């Protein structure tokens, strides 16, 4: 079991619904967010091309935040989801500095918080909130260990990339390009 | 998973399948350069702090070998060049971004100075030595007045040379094993360790000097171990290319040679033997010294080889 | 050319626009860690070499400050934690991959040792000291027999502590400016140099002052050498490392680093120490304070710059 997410940059319009859905679903405190949308413009005017990406924790297979956590608060559960145990987190913030994606933040209550792939929904067989709310259906969630899952088929069919693979984190959010 | 293969049949000699353009000549040059600069650093440093007469072997005798070792090193470097007849082009350019260039210039300035440094110490080390011509004798006597100035110049240049032996490799980010900022300090330390081993080989039994250099050698081996630990930790906490590259030493091709030749035989065992010696247990000093010198060579050799194999 | 902007308005406090999760507490704590490592290292080394009476400040007096300093450092660390009441979780886990964890454990071991070590010397420093309880006195006498072993343990642990202050930062490849193998040796050297400076500051013996001025001079030389390698390493590194180095070569930290750390904290005190060694009268405390200040500034700037250096956006 290896949960992953694929996001079709060709279909994404950057509406930020995923961001709002996450804040509502996970009761993310005001002023904070677990996911965000990036617009990447490349080229030289007037030949510009735009790529829109919805980003969040990459639930890395080789997660630096898990390695540097002194208390095992940050850990990987079945399915490869990286989660933070609030009662073990001391708030040393080493994981925040260790994350090349800047996906983590300090919750006003003190512990470190981040995207959980909506593990409470996934356990019930549902999709994460951001995926289920996406109006263009550009986000896919599933098990990449299962060759028949929609996400595995997409990753076979389409060209994709991950963010900063050179950092060696082995991210599990794929961007279909 | 991405698999990339060259389909047009690229078989450039020395480049494919793995890079091997620098076989033994460059590591041998780096080792000798490290050793010589170590000898010169020790000799000039002791001169500058006014301990010239307390440690005759280190200050006076050992540097006599320096110019010859340096010539051998230069010869190896020359052997490595593939377009030999054009080597003089090195000296029509000064390029600060190229370590090859500043290494070459350092050699150019340092070599004559080491000859002078050796010459002014020749008579004190071998009292029976006679210069064939009077003018030689006079020039050397004249040069002796400038001993302090010379010592400063040589100290500066030999520190640069020693650093260069590491920077030559670490200046390239194309080879992940080499691309570590710790390589300069590591090669400098290793050069100093080799120099202490060389001095120990020449020290008379039971002299104070021998005891001092045993201690110096021990400290320098300690620093070397410390830097090797940092080297490996540095690879493992760096980007993917370096983490993969470190596998060469942690289970890969160079695991045995690295940990046995460099770490065990070249560092830990001689350190242990030095400790025994300092505790007055009889150990022929030749054993740790030879181990350190071979370890010093293998450090360069293995890092040069591994660096060429590591890639993006 | 690629320009990337976050359009959904991410503004997580302390993360955006620039990471700033570690304020003054962590650099201060790292400075104290290095300073304590330096003091204990010199004390242990000169005990092992049997020079207790030649260098009384270094061996006996300076370590008295370490329990207090460690308390200050640990309080700063505790202040930095955002989930303070759970701090004890640090000591229910040993995780070798996490420098935070092995640093916490090293401190845990070194702290009681530092207290016992100071207790062993207290009667030498304050002859009138009275241990009030007989059993305390007896205990200390028993421990005294193992002084040499303790010195060895302290020597090794102080090196680990000094190294840890650098590794804590360099273990992350997410922040290019920290991700260099040279940071461990650099912070260790800087810590030893701060230790030597404090000993110089406290010492009343001319010979001892001169010895530590000389040691400090060599350490400053090493530090400059390592700083040169630090920047050469960055400039020879990957693109993100080159960008990170630019913060210091024309960027935001250029003035503060080269003026406060390199000139004010290293070159200028080195010149003063050289003049002192040549018997020109300059009060020792000037260079000592400059070195301590430079060492503190180094941590502040490196911690800040690391957080400002990044891979994305």
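Letters A, B and C mark the chains as written, and numbering starts fresh at 1 in each.
Here, a residue touches a chain if its C-beta (ideal position, glycine included) is under 8 Å from a C-beta of that chain, and two chains touch if they have at least 3 such contacts.
In this text, all values refer to a predicted model and were calculated from it rather than measured experimentally.
Taken as a graph of touching chains, this assembly is fully connected, with contact between every pair of chains. The pair with more inter-chain C-beta contacts, choosing from A-B and B-C, is B-C.
Centroid to centroid, with C-alpha atoms defining each point, chain A and chain C lie 37 Å apart. Chain A and chain B have Cα centroids lying 49 Å from one another. Mean C-alpha positions place chain B and chain C at a centre distance of 30 Å.
The residues of chain A that reach two or more other chains are 166-168, listed in rising order.
With touch defined as above, residues shared between interfaces to two or more other chains in chain B number as follows: 239. Each of the following residues of chain C touches two or more other chains: 171-173, 238. By the touch criterion stated above, chain A contacts chain B in their complex at residues 165-168.
Residue ranges of chain B in contact with chain C, taken from their complex: 163, 167, 170-173, 179-182, 184-185, 226-227, 230-231, 233-235, 237-239. Every residue of chain C that touches chain A in the complex is listed here, in rising order: 1-16, 19, 21-22, 80-84, 86-87, 89-90, 92-93, 95, 97-101, 104, 168, 171-175, 178, 238, 306-307, 310-313.
On chain C, the positions that touch chain B within their shared complex are 159, 163, 167, 170-173, 179-182, 184-185, 225-226, 229-230, 232-234, 236-238.
Residues 239-241, 243 of chain B touch chain A in their complex.
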